[in-house]
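Two complexes come next, and they have one chain in common, subunit A, joined by subunit B in the first and subunit C in the second.
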Partner chain A sequence: MSMTGSAVLFSPAHPFPRVRGKFMQFLSNQKTQIGLLILVPILVLVVLAPYLPLQKPLQTNLRAMMQWPSWTFPFGTDRMGRDVLSRTLEGVKVSLLVGFSVAFISLAFGVVLGTIAGFFGRFVDRAIMTVVDILLAFPSLLLAIGLVSIVGTGIFPVIVAIAFADVPRFVRLQRSLVLGLRTRAFIDAARTMRASKTWLLFRHIVPNTIAPLLVAASIAAANAILVEASLSFLGLGIMPPEPSLGNIIRDGQTYLEQAWWISTLPGAVILAIAISLHFLSDGIRESLDPRART
Partner chain B sequence: MFAFAGKKLIQLIVTTIGVVTLVFFTLRLIPGDAASAMAGDTLSGEALERLRDQMGLNEPLMSQYLTYWRKLLVLDFGETITTGLSAGELMRAAAPITISIALATIVVTVLLAIPLGTLAAFLAHKGKKGLDSLITGAAMVLDLMPSFWTGLFFLLFFSLTLGLFPASGTVSLENPGHFLQRIALPVMVLSVTQVATMARITRTAVLEVLSEDYIRTARSLGWSELRVLFRHALKNAALPIVTVVGLSFGSLLNGTVIVEFIFNIPGIGSLLVNGINSRDYQMVQNLIIVYALIFVTINFVTDLVYRKIDPRVSF
Partner chain C sequence: MNFARTMIDTVLSVRDLRTEFATDKGVVRAVNGVSFAMRRGERMAIVGESGSGKSAMAMSLIRLLVHPGKVVNGEVWLQGRDIMTMSESELNDVRGNEIGTVFQDPMSSLDPVMKVRDQMVPPIMRHLSLDRARAEAAAVAWLDKVGIPDAARRIDAFPFEMSGGMRQRVMIAMALSCQPKLIIADEPTTALDVTIQAQIVELLRTLTAETGTAMLFITHDLGLVSRFARTVAVMYAGKIVEIGPTRDVFGNPKHPYTQSLLSAIPRGADGGRSRLVQIPGFPPDMRQEILGCAFKDRCLGAEQRCGEAAPPLSARGPSHDAACWQPNGLDAGSLAQMRKTTDRAARPDVEALPPHDILETNNLSKHFVRGSMLPWRKPVVVRALNGVSLRVRRGETLGIVGESGCGKSTVARLLLELDAPTTGEIFIQGTAQMVFQDPSSSFNPKMRVQDIISEPLDINGRGSKADRAEKVRTLIRQVGLDPSYLERYPSQLSGGQRQRVAVARALALDPTVVVADEPTSALDVSVRAQIINLLCDLKDELGISFVFISHDLSTVRYISDWIAVMYLGEVVEYGPAEEVFRAPAHPYTRALLDAAPVLDPSAEDDRPVSIIKGELPSPLDIPRGCGFATRCPHVSELCRTEKPILVQRQPNRKEACHHVG
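Showing the complex of A and B:
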């Protein structure tokens, strides 16, 4: 990792990073590799699931109810003889969809609103931040629970509810990043050279907020996956028979004593995904932000 | 300090007004209205109209809003539509249970996380990388464990297998022994996440302080490592730790909903989940507001403590 590489990224003359080089740096980071080592096998299994010799996620099998994990059923079966592994993989698909959609939506809204608040200041800033402060007064899961009670259950409403609870955090982050950049010397320099506001914004300010935003986005994805699982576990998120990691675990709760595997194994998968996303976020930070290197 | 507290108090009031207004008007966005959503297909036209009247939905929006405020200020939460019980009484019975769980968790967390985090920082500072990364690695994994998952593990192990704690039965403050037994597992579950978060923050904060000049001075005076660590390093690292205690209270409140569900605890989290399942929108509205108020009040207290520790803080 050469210092010149990172100097180029953050110097005003080259506001757009040399994406390919940065990406290689990201891939060669140790934390990234740990994250990928966990995430990639899970992704491969999810993609290959239809071709593996597994029972279909919704298929019941009354001759194999609540069976211990075995070669045929690596995660065991539930009370209706459904294959827990194949349901888990289907649930992971939902989790990832929710996680990445939420990260993307809250990132998009956060960047736009946060930039407006931070860059234009005054009245607009006040208006946006007042709303943001009010929304931040709700603990996030509780805000999502409240919203789900209005928008209903299912994948799409859950994504909307979680993203809505997340947007204020991104607005706040982006605003503070923009405020921090506004007083930096290279912005002053550009200004003395009569750079227009649009130029400053899109050429100097926004590109320099990308790295920390990506770090926050991957954490937000992990968080959204946990929140979706919590909602579905409470019976307020994604409803059976559509499998989601949360509702599989909820299903198994009743049979905890007789069949511990129904609840515990899918939970371990959630944990693994969350850990991998946190490692990836560390990887992004260490490879894109030169100051974060230790 | 006085002016500071006053300013923060005004902010608290403004936020509260915002929270109530937002929740009130968002609930009016329900397709149809709250009454027909609640009744589903069970009520006919006339009965539905009576329910609307009873809920005050036929009044103009502004007057509904003002009525809501008038009632809220005297803590009149109305009746639950489904059971006819006083919503205020249900909440008054449930709130102390949830608050006890939250406060007990904070106490356990502070007692465990601060020594652990300080220890990890000390080890890192001394170059004992192995032990330090063991503690930080464990903290990361524990931090990310979904609380419903940890909860089920604890239920399975401590309650169903070892039989140490009852998993069901009444929860009432009138029988303190039984009460503590019932809230012990929920508190343990919540503490796992909280201890992990706070230990990590403590480690970072203390580690930063340990390389300061005044720590070297303290050492050069021949004071014991323990005294330097806890009297000097920890004291100066207190600021970020206090902030985190305040901020993590939000995730703590989130967690109470989950543990109350798992362990059958009749706190406000259970009221909320039941309220949503029975489509009692007024109950949900009030509870969400109560949660937000608890959270902003804690943040207010955190701000004051922060200022008390560090008089340089100004906002």
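Showing the complex of A and C:
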């Protein structure tokens, strides 16, 4: 850091003790712990999957078709004798990748565009918000379906499509947060010290939007996982034989009466992941915003 | 206390009331054994600082405590029935029928989507068993009685169509309409302007006299107590520490807390410039068991026995009780010691200083224009400020007073270039900095005190990093805080400490002028005294000029050398503070002074009741002539047609009025 007396813009306000304190608070939160209790075992299984005595996800076994769940096949097998558990774990990998990528991309674009719209106002605001409002007029699943039909199938196009449908919501959230902060007295106080716009943005406004954004991002991750499953279920997302929770469920749907486990068990896993992410988002909210605690 | 004495006349008697709030962080003992009695038609005030348990006590009386709160012990006898043992349906009959309530914020206690009629009439029908037509007639009569003009028409208004003062009148009419025996008013005038506050207090006083309703008035404003109440109970840490006739308690206080509180308030003329008393320390943590007297840690007269047992209330005069082991509380020596130093140096002689202006504004005005999206609609213009010229000399304080909407905060924003003036110019030698009203919202919650105070230095790149850190340490000591506070976050500071940090931040750039917009109005009485003392000291030590904006006349009088009285965006009177307060020339200044309560109950009794009528006109529609013509007692035809300008008639003094001199 230069000592010549020029204004230091990005020197963080001693983040470490505080960040660590907040993180401990997050970890000790009851809802965080419930969320982790569900999510961590799933993650451990996903990571360990290649080393477990499971049949490979793509391997077929015509001597063991549509078998009941057993010790060899804990989630049973499907009509081509593939191991449902090992396919599910592979699908979870895809789901989590999609969920977190979408959350990260929407967060990044949402923060930038929302901050610009909220802080600079006027024409820029109107331009950004008009586009955002038009996009928001479509249900996000429909928007994603439309986009996938343009950009094609596969993990990467799916991430792009879902993120594109999610960004408008983040823009709106960030804009409203910025608008609220802009009128706070500490912004006026900084202005009386002749603070530049960059100073106001990076020292006062953006740091105060992080907590609610993280909450929104964790919910967006859960939502993206569900949307990806829906797209794959409709045959628009991840294409078979590559497993994804959505297309596994679709495969099993036809045999629901003879082999309920093919669809139901992966479905339960999706449910568990979505629930755990919602618990985590509650945990983030409660540990970052003291008023949220009841 | 003497319960038997007036049993027949007694409306309410409370015995050993205890209320607790079970929170995450332990049990808060908000009310710790309160006993008192009220007679028919009695006007009693409960005073205390925030956290003293006064509101919790009042809510306990009618069992309206919110969730974690619980009355754990005590009896509340209302006309021979114990409220604490009543069923919920009996209680509902009592509330409204026998006990009426008026709360601080009439906007949130009135239903925003119901007309006044629909909120007033059904309770009257139920409680007084009247038919609809009669109940409506009664409602209109009450609205008329509380001073709502054109009551028959206004009964169909929605709450948001009324001003704050009018809404509070509606609340009072509602409370009185069922002819209760007792009214509990919790800070009923705190949200209102001084002139409206005076109207409401006067209204309550005459109505209780007429109807014989007893009134329990909860407030933090000691001036209001002396104006309104016959009896006063002072609460501290959930207990009544002194109770008695207002004249006796205020004239001859016996408890150290009452004594220090009364000396912590700037008084009018007689108080002069003596330093205000500062109560050391903080109120006790109500989650801990308090051993002995709760005030002992802050009391200069504390002895060993104060830590061993809590003193009970004992008689100090006819129905005057205090809870202190010393018969007379603090002696004069201790009080003088609490003023810390000798009296402040006499203010520098105005004429002796070289006439060196630090700040000058010329014909400043600010109009806010709200355009419409439809081009044929006329834009709405709010004239917040209309031609204001001010001057502040070096080392002097200019006080700006006026009611909300008079433009005083707009002046502050213009002086600090937060807004650009519509017309006019501002000249400032050096820099101006600001201290804001609410110390909690003027800090970024994510920054530590260190970074908050150093922010102006960082922005302007003053000195090296080490220089800045050194400057920050100097500043924090200058405002009377230990450098260890630098590590804290604003949420870990008390209100007074936060305001000290705000002052330190304002001083960081070595300003020549500090603009303070209501810097003490969010603070408790004892803390307020500390901040006022601090500002006075800084002015004397550093030769900084202050622009002190407030609606609190006694504070402004205490701290200011010059004063500007504002009304509807204009200065209507300007002159040396002491002279203006002693001999106000403009009718509005006189009205303001009449409306502001003073601390002396006997003076309040002798004061002629000449309370200004009406309310501030809208700044959307400013009268053509004199802005004050709609409320002025001396109004003439000339005032309505021709605007008076600010004219100097005596040396140093200016007024804008056709009828002065």
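One rule holds for everything that comes next: the second predicted complex is superposed on the first by the 277 of 294 C-alpha atoms of A that agree within 3 Å, B and C clash if a C-alpha of one lies under 4 Å from a C-alpha of the other, contacts with A are read in each partner's own complex, and residues count from 1 in each chain.
Methods note: a contact is a pair of C-beta atoms (placed from the backbone, for glycine too) under 8 Å apart; a residue touches a chain by one contact, two chains touch by 3 or more.
Nothing here was measured: the structure is a model prediction, and the numbers come from that model.
Once chain A of one complex is fitted onto chain A of the other, the partner contacts of A:229 are limited to subunit B, with no touch recorded for subunit C. In the superposition on chain A, A:182 contacts neither subunit B nor subunit C.
Within the superposed three-chain arrangement, the count of touched residues of subunit A is higher for B, of the candidates subunit B and subunit C. Shared-chain residue A:133: touches subunit B; no touch with subunit C.
Of the two partner chains placed around the shared chain by superposition, subunit C is the only one that A:191 touches, whereas subunit B remains out of contact. In the superposition on chain A, A:145 makes contact with subunit B only, while subunit C stays out of contact range. Legend: residue contacts after superposition of the two complexes on their common chain; A:93 is shown touching neither subunit B nor subunit C. In the superposition on chain A, A:79 makes contact with neither subunit B nor subunit C. In the superposition on chain A, contact of A:267 is made with subunit B only, not with subunit C. Considering their complex, residues 14-15, 18-19, 22-23, 26-27, 29-30, 140-141, 144-149, 152-153, 155-156, 160, 250-251, 253-254, 257-258, 261-262, 272-273, 276-277, 281, 284, 288, 291-292, 295-296 of subunit B touch subunit A.
Contact residues of subunit A toward subunit C in the complex are 1, 3-8, 11, 13-14, 184-186, 188-196, 199, 203-204, 207-208, 290, 293.
Residues of subunit A touching subunit B in their complex: 130-131, 133-135, 137-143, 145-150, 222, 226, 229-230, 233-236, 246, 249, 253, 256-257, 260, 263-264, 267-268, 270-271, 274-275, 278.
The touching residues of subunit C, counted against subunit A in their complex, run 24, 413, 416-418, 432-434, 436-438, 441-448, 450-451, 455-456, 458-465, 491, 505, 509.
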